[in-house]
């Protein structure tokens, strides 16, 4: 049984045009995607800006309305739930946001920020609440005495950890991490990533990890889905994707990662040129007449590629 | 390579006024760039790398900035030039590429006009000649339909295309030196690869010197000939790219390398540098500036006045602490937990 | 571009429709038939004649019939009759219109002539003594209500110093069309126009100054400097151009505030125009004139905002492309 | 230059709630700006005098016509002279100032309440709600407001002060609603609002507890500047004769005597003090408002 199953999810936005601003077409931000997450794993969603990865995450979270499709969480469709039921399930799904600055209300103290979900779902006395908040602050490696401070008194990495503490208070099962480290410096990035792995073990969390950084995705994820213009082009284990990419887009993406070894410089450039010419020459093999990719087809137990 | 370096920065100190005091964001930096050489300056945000680039271009607001030292370029000290003289250098002999192509272009001017502007300032070309050269340039930076782009406004182009226009502006007058300040940071990976390839291509053709400012060691590995690592306003290590990537010495350089998630470290723990980058006001001004972040290394390993020393030919490292440096075992301690 | 304007005009139609309904309802709430000006609630009239007159005027018709009749008249340029003057409202307004347009144009031109240089100086040389003076000037003009300022100007320059005439739009003794006539018109115009202009500079100065300060630190200005463009050219070609753009869009909204301003200016300076006509009509309960004026002002406001949008779309390429 | 101005370590722990509120920042900004502090003190003094003295004044006596002292210039008995009915100008000035200020305040609060509610709802929910509200506001924008207020005042049956406040508020809330809407729209896009949604916080709570506090400085600044504006509009309308009913004299009433050229030219003591008082009050309020604006915008803070 899949823990989270997304079936044929579509998120379309209307484009209005013409003289009377009628809907003339749709932006297909997410165009018919299906994938599933197993409990305890980290699933990476990768792609370039505008590929629909963030929209996917936010739709599962209920922040964006889906056009059609199903999001089955523990076998119940989140999209068909009424507000109250959905809120109850919300406890189990939480989100870590990209920007550690805008995701914390600057006017609230750490205590009020971290306690916000508690106040919505649990009736605790102020003392209990404070204890719980301090417990989680300690968990994320922050001084539990700092509950009366305001967000601006913390650094970017620390703020990101406050955000994580807030997400943890309801003991979620699934955490959707939307580019959780892309606003941070390399060394701080490492800190947050390590830490996410620690709490994953401790709280048995499942991650939907959304990122544009293929290095980080490779480091963090068990399975990976590659998105391009709202669709999946390839899905597989980390090994499938990085050692045996099949779709031309995946190949392009991976060859574009700068190689950390300067000795490989020439090879890397050559490889990119080869892939670029392959991309140009065999475009029809990978994309249909509308420039869309084909449906995913399995090529092994774990590895799916969008080929005709 | 001629014997005379193209650019020679000597003991540059760039200080900004905060309140009534000046704080050095770039502190005693010396660096040379030769013709046809790509020098990368790497560091995290706040290390002074961008401030260094802007100092060379003279783009810091004068009323809030103090510049000391020398920046020798083609036999003249840029810091002693008048604004008028400096304007003749900017855009003509030194070009600059900015980070964010979204904001680096004037939204109300066509791309063609923006590229032509530097020719207007520095040459007496006829408008027809300028137009021809601009279209040539657009072609050179890999824009598929230059005649069309010439007439387009920036918002009509994609991010990658805009960055190509920014590059065209920088190289419009065939500068001897190009300063690229995080030229690929705002771009997607595939676009980043294209822009890197383009820059390398252009450099191979024109033999210009490039100063590449970046925080991404991958970009450095792909582009640079020589690398300077900056921390807290100082250069802590300089070496050619192969040496530095094979044998990084300074604790900061080594820490940086260890904190990048890469194929070799899958599912392993990443290295975390303790503490955070000190702010401009709180920079340690004496001793080894990295000392606070490697506290397990004893005081006597550090120099009192750390200098940039040549430890092997053309490989310079600051402070002696690199000699007996080892990574800390206590990993969880990185959370700087229970402070103050 | 044409499509944009057409669509913009299309949006105006429902607004105009609702405006006309609002005015119609107001007119119905006024005593007498404010739409045609045919009937005053004359106490001497006996009930029978009143009833007959009302019937004749169709005041017992359903509202939508009356409304349709009124709109039909409007479209034919028939704004009804003035009860007091017993002349068509159209001719009454036409006589005063040009004075108001003249005054409005003078206020606008003077206001921009003062505001744009001051805004540019303040924005470019921020924190200098000149800028501080401009900011101070702005505090003063922003805080001063138009009617107080106009009154003080009239008192000082009209009465105490006696430099300018204190009432009217032209000296009645000079012959129409002569040089002296135009000079007299100008002489009567200066004080009201200047009062209106000075008070209305505030928004422009403040906006322009802030816009320049914001634009100054934009990345593309750095790009321009990195090209070696001289400081003065950086300002003229890149900063001022981009900062003046939003100002252009103010023009339409300026027309809106001019209409309100003209009521005060014309009343204080005894300047015969639309504003003064409006005040006298409402005091004399000449409601047909009042409704006509409100309708015309609404229309002028609509055209003003339309103008703003068109100007903005004409100068900003980002809007031009859809 | 992107020098990060963060602390090196974790922030110092606060044992107690330190003052971080909007009000305390604003207060500090005003105290730092001597002129603004002066303006605040001056305004406070004026208000204390006006409200204090008006309690002691016998209003009936002031409005009683005294034909023995028509248009008398300032003297020991009448410090600011008298008007055409021989009534004391100083007394009228004080009562007028009290009325003008009180009514300006009422209009400001009422429009503030309407504008805030409408703006928050339109900005937060967006979509169709926003569309409808914006169409309505757009419509108000094209109305010749001043003329319509005058018409409403004229045709109102049983016209009184409350009616005046309502009419004014009806036309003056739109600006505030637009401002609040656009700021709310911007706040809504920030992730802390999304975060609250994912944490199960209901919308009304997000609006009041999350978004509203972040707009508080803008609201305070706007209300302050509006207060000055509303006093101006009220006295202006009263000056034209379409403001407060005669039973409630305002500063505009005194200024309106200047419509008589003879009064304007020769009897300055009747209209000039009221004009100057309006001017001084507006300058003070505006200056305070500008200082608050600086406090609200961290970039412009004095230190």
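We just call them A, B, C and D in the order they show up, numbering each chain from 1.
As a convention for this text, a residue touches a chain if its C-beta (ideal position, glycine included) is under 8 Å from a C-beta of that chain, and two chains touch if they have at least 3 such contacts.
Note that the coordinates shown come from a computational prediction; the quantities given were computed from them, not determined experimentally.
Novice: State the chain with the largest centre-to-centre distance from chain D, centres being mean CA positions.
Specialist: Ranked by distance of C-alpha centres from chain D, the top chain is B.
Novice: More C-beta pairs touching across which pair, C-D or B-C?
Specialist: Result: the pair with more contacts is C-D.
Novice: Calculate how many whole Å lie between the centre of chain B and the centre of chain C, each centre taken as the average of the chain's C-alpha atoms.
Specialist: 55
Novice: Find the geometric centre of each of chain C and chain D from their Cα atoms only, then give the gap between the two centres in Å, rounded to an integer.
Specialist: Chain centres of chain C and chain D, defined by C-alpha means, are spaced 24 Å apart.
Novice: Hey, how far is the Cα centre of chain A from the one of chain B, in Å?
Specialist: That gives a centre separation of 31 Å.
Novice: For chain A, jot down the residues that touch at least 2 other chains.
Specialist: 142-143, 155
Novice: Counting only residues that touch at least 2 other chains, which ones in chain C make the list?
Specialist: As it turns out, chain C has no residue touching two or more other chains.
Novice: Quick check on chain B: which residues sit in contact with 2+ other chains?
Specialist: Only 45, 276-277, 336, 339-340 qualify.
Novice: Under the touch definition given earlier, write down the residues of chain C that touch chain D in their complex.
Specialist: 15, 18-19, 22, 26, 29-30, 139-140, 142-148, 151-152, 154-155, 159, 166-167, 256, 259-260, 263-264, 267-268, 278-279, 282-283, 290, 293-294, 297-298, 301-302, 305
Novice: What part of chain D is in contact with chain C in the complex they form?
Specialist: Touch residues, chain D against chain C: 138-139, 141-148, 150-152, 154-155, 228, 232-233, 235-236, 239-242, 255, 258-259, 261, 264-265, 268, 271-272, 275, 278-279, 282-283, 285-287, 290.
Novice: Tell me, which parts of chain A touch chain B in their complex?
Specialist: The touching residues are 48-49, 141-143, 155, 157, 185-191, 193-195, 197, 212, 214-216, 218-220, 238, 242, 252-253, 255-263, 265, 268-269, 272.
Novice: In the complex, go through chain B and note every residue touching chain A.
Specialist: Residue positions touching the partner: 44-45, 188-193, 196-197, 200, 215-222, 224, 241-242, 245, 255-256, 259-263, 265-267, 269-273, 276-277, 331, 334-340.
Novice: Touching residues of chain B toward chain C in the complex: what are they?
Specialist: So the residues of chain B in touch with chain C come to 57, 59, 83-84, 87-92, 95-96, 98, 100, 103-109, 114, 117-118, 121-122, 153, 155-156, 166, 169-170, 172.
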